[in-house]
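Chain IDs A, B, C and D follow the sequence of writing; residue 1 opens each chain.
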């Protein structure tokens, strides 16, 4: 595992992150067509730009794209009613009044809705991008036009990347007291470069697997002097990022890249965790015949009861039409497996790691690679057999499908609530440690999303609450309940 | 909640227990027809019976029924291959050699397979029934014929009940060192009457919700001087008892009692926990239109994503054809709801508590009760409206459907492994407390049941195990993973 | 095929008929417990009975059972609202005024609702049973008490059977002008014994496969001098008898006989017609893994697209847990297949023919048959292997499950409408031939059943009807549309 | 309906056609990126081009694109193994030796596989495009390079269109004796301009609804002097084009255009025919809550049994998130409905007609149209409410999703077999009329596609065939069976 003190290279690494908001990044299928492709080549750092109110406290590609970006934000708002409702509920009391939040996330229309919600709740925000490719320039322009100090553009160099972060943290007369991070780079920068600032931070909210891992390392090393909230592992987010979201994105990703017909296809899914369960449910529902491989007997037994045959990969590798990995493990699909696949077999990865398929083993002289579409390679064996490899083994749903705004809304709402909680918590509630979102707040996030479905909760009577030994307002389940 | 020190009345209480093996008890549909109904009326306690080997160390209804009972045991063995395979794997080493187990469970063909497995592994067993009605007399006879000291018959009096327990515990030259209990009565009896025996017990294995609850009370009171294993809450058992088993039994229970056609029926399911999820999946699959009520926003959000409308009961009570409760709560369906139901509406309970439907409120003079079939009452309003109440609001799947032997196999295997674990654990591994089955043993139970499905597990390579930071033999998930 | 002129033996033959109302006949699981088992042994033909109005124009087992039968009829009425609504709609005009209907069907609570509907619409009815075992004596008593001339009881001799039919047809001062038949025996009797009566019949309505076959033979021979309506092949009835009804009854039949758990079971279904499609949908939905055998490539392709592997029986016979036939063919499961099945494999038939499984081949000395439950035989091979044979290869859903009243309602409504149509048709609309129910009436039957589901049809505007070239009131599809 | 004798305008009309191969036409999502966008502006008619063998008997955009087109054809061949296998089976005998086929279809990679199959079977082919936009220029180039006389390019003018057709029909020393048409334009041209050629045609194969309609008109008018085969209505094609294909394309079309999350969405589907059934199955499977509107009570009853509430559109229009039409009717969604929809409601059409949604009613001054993506318009009400209209009410699956090659393979195979049948039929088998494909050939098409699924048909024994009264090689069902 990488050391915390080593600066990671920007390119490639972040694709490890299960930070789902990244999806809009390199997707060829991102529906909105942005206009920055043939832009001028001047670096934003060298441009002089001001917004319509005369402020130049930002650095974006082109402030003139603000109007287009504003429309994208407005469209996103329509599917993020939980945040909008949070704005309304909390606006009177301004629970983030005084908060100075420095943020580092993907900069998309959905993030913009989050940032503007934080501002509406009283916070001051400065923002950079957590990925050098993922910024929607128009959205950044719209934020800048609205007065947010945003430093980000699509296609930053590594040097740009750290420059932007630094510009957020270090500015005259403004010192952050909250951090919202996605990947841990911002946290790391503040920790390393501005230890005095770091000590005065009231809370860190971290969303990604990688960033959370780094926080736990820091904590274990006794160097985390700030309470941090791990929002990656909240139940609501997990179920949506994994089970429900993958149920939809596996179909979308396969269809957009290969136009494959699902009916009657034989598919093997490696791994029957939440991601695997989501993939299998969708594929079975559309008429595919699905086989499972598993290492864990409990998940294997669940697969049996759900109507799937549990096999070793070798048993079915010659007959299947599609191979999908979602194990979190490495080298699950080996060169040996790839050698045995039948002609036209599709291979892709839905799991955490981009080494689940041993793609490296395919980069040998006897095999020919042919890029037939964006994200689609034919790897051709000497006898003419072709294996269809998607996204070079990287996460299919990040590369080849989009993520519904509704899912991002759950993440963003969780982030906002975590910031409010940490910022307002009475002295002593949180120590210098990494915390999971309290069950009750997780339930609150869920409840904010129910109106989208016109769902009506039942309330406990006093008598029932007493019988069950519960508070009428929750939490309704123990923390470990999933 | 009842006090631990008060002896409960036998009749009725145990129907509260989620001890699923009870199902065969009072089910009118129990497929095998037993012959004891018109037997002689002499109490077994007053009979002189010996088995074919001359032993009279037992007390059953009629030893002559042994042959019929043996066939039932053999049929059960065919679906309990996990226990049979456990017998084979562990038989050489006799891991229970020296164990003197006193047991108190439902006495059915499936339990018999468990008891005979324990004997095959080296244990000596004495057994009584945990319910005055649930004993299959033929099976008890077959056990007695095979040399097990069993004291149980169908239709015991309360006095008989405790007499049988006492006969198991207190016998010359034999002192139990392990307890297998279902409900806590045996444990309580030993604790109260034979404190010196109790202190020397090496472990208690308890299966029921009620019994586990009593153990935790004892532990909290500082009076539990023996390590105890709560096998009720193991993942494997929970999923099978709840999600998977209810998915099947809701259909079976409704069909056997009412012959209702599922297609197109409007159904409201109160509660979307594991039991509710199982019921809804089955009903939706067979063409019913299902509504959910929930108090917990997270479960409600899951219901939405699974395609169910989440409503308050009042919104749909006038239109639904079937009402099913599975909340664990009380008074979920009130008299007011019942007054509003349409003619022929079916009402039943799949949840833990038999007070989920306020049946008491229906016992008023203006309503007429008509027993139309076993377990089926028509409650008739003055205007002629009929509501079809199943099992008087008690658990539908215990009263009106059978439980597949395979599910019972999981429970029985878990019990056997818990006994082996406690009996063989090195000094100090378990203290005087209540434990959950270790994850790894839970996985082992699952793995023993995979051959029934011809399922083949994948094994980690050394390299992969290292990458994941796992032992190649498990456990594969953290304890809290479900 | 049997000749029309030969009288069939009553016992056994009718089990060939796909006349679904037979189901209540020999089902061990018929939920209501009737009281006639230990009745006196005097033949009803020798009893003197009068109903409360002093009439003795009937012959039933015991007129005193009328009250119990009336309650059964009332319960049935609750699920047959289409007939009740037909009574209401047509009652003013009495469309069957003057009709003298002689009927021969199973006599059950559902048939009683039909008969009383016909009476309410103005008809006079005389009724006998089409099966010597299927009469519900209490229902027959209730009909007799209500003034219907019914001649039927459970357990008739062959001689009784024809005597009852004759008593319906031949009575002083009453000559039938309509026939409602199920199986063709009544029609045959009138044709043979009372040719002059036969010539004056205005219409025959026939429900069963067998009866329809005999009518076509008669027509082909030029001897059918009466218009006849084949109600067996109406779309609505077919879909319900086959696809939708089997979707439910396959689960019910397997569960009641074997308590098998469906989850994870490997099942092969022979035949993917409507019955097979219904079985497969249900089994897949409950977590079984289903294989299909087919002879027809189009049905096979549908099976593929629906997510089932299409195999030859030999490919999977060693591994499956359940074998289900629904082909209409014979010897689909041969002794060779049975020899290869694994221990505990369940074999049953959902198809038309009771020769789909070659049961005869199992009646050889080396195999032992053991009746373990009603309708369940273990066939035991010399090496101890057991195959579980259900209903001796006869139709599972007639023998081991009940049929929802709602399905019977569709059949009964179709019969009533067919009678009204034939009785009121203008001269010349129907010739001396066998007709299918007109599409429009089939649609009317469907529409009468929609209120049960609270379903609301959309009506075409004049403009839309013109655009589509349809009458606003239907028919909406061509006759061949399914 | 348009008169047969009037030349239709090319632009727009063909989009009415349910000719599914059109899908690749105007789809923004067509995966392969073609290179002709910025090509030179010279009309192909004015270019001098020769292929590598020196022939110039063709007219395409750019012969140099042949190599790219060849690769597309090769990829298509991988999913059209039925045609490839037909090539192999029939190649020895050359069943089309002497056939001179003039064709007019969409010119895509899949059509190219068909054309080259016809050539391999002995035919000579000349080909033009049935749609001025649908030609894949690279594929046309590849065909020309391979020696096929193809006259077609993307972006023909109306004059070009007829010029191309004429060049196919009229050439020195070559006179067509077979027609393969899609839309009826080629047939019409030959009928009108070359009546002497028309009379000598041995058969016409027509695929589209429109073309079939025109043939029936011609036949009714007594002017069809050639046997014609309607391949549009073969069972196999219908099921694939409608039920199975829509089951997949409804998800794909909605996802590519709107990124909507399906889970929990309330959807109303207007029409429960095959298309509606396919849409509903997929949406329900992915967690949507689906309502149905229907005019036909039989389809409505099926919807009920399949678990959908049947409503009038007005009952749910205010609450649904998505409205989908598939009725074949017009004005199913009216302005009144559109006025009542909630903000962000998505409206689209999967049905035959592009007037199912009254889009015209939305083109009024008070409403603002905003094109937010290709094929996606926001229609904005004065109060800010937006309705999301897809493909301007045209067929969603033709405009916004692709069609799997496998589906096109079924169509193409049917066309090839129809040509073989008509060309080789003995004198007198086919008269001057429009025929459906014989059941047996439909079964043959299905059987050719089974190997793709590794499906194995069971064969009847002689004995079984006799019992069923069937030929062992089929046909297995009556013609009307679906």
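FYI, a contact is a pair of C-beta atoms (placed from the backbone, for glycine too) under 8 Å apart; a residue touches a chain by one contact, two chains touch by 3 or more.
Listed by chain with UniProt protein names: A, B, C, D = Adenosylhomocysteinase.
Quick caveat: nothing in here was measured; it's all calculated off a predicted structure.
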Pair sharing more residue contacts (C-beta pairs) when A-C is set against C-D: C-D
Chain located farthest away, centre of chain B (Adenosylhomocysteinase) as origin (C-alpha): D
Centroid distance [mean C-alpha coordinates] between chain D (Adenosylhomocysteinase) and chain A (Adenosylhomocysteinase), Å: 40
Whole-Å gap separating chain C (Adenosylhomocysteinase) and chain D (Adenosylhomocysteinase), where each centre is the average of the chain's CA atoms: 42
Centroid distance [mean C-alpha coordinates] between chain C (Adenosylhomocysteinase) and chain A (Adenosylhomocysteinase), Å: 58
In chain C (Adenosylhomocysteinase), residues with contacts to at least two other chains: 244, 263-264, 286-287, 304-305, 309, 453-454
Interfacial residue positions of chain D (Adenosylhomocysteinase) with respect to chain A (Adenosylhomocysteinase) in the complex: 29, 31-33, 71, 75, 78-79, 244-245, 247-248, 251-252, 255-264, 266, 282, 285-287, 319, 343-344, 372-373, 376, 386, 401-407, 452-454
Parts of chain B (Adenosylhomocysteinase) lying in touch with chain A (Adenosylhomocysteinase), wherever the complex brings them together: 235-236, 239-240, 244, 293-298, 300-305, 309-313, 315, 328-332, 442-444, 446-447, 449-450, 453-461, 463-464, 467-468, 474, 476-477, 480-482
Residues of chain B (Adenosylhomocysteinase) touching chain D (Adenosylhomocysteinase) in the complex: 263-264, 284, 286-289, 304-309
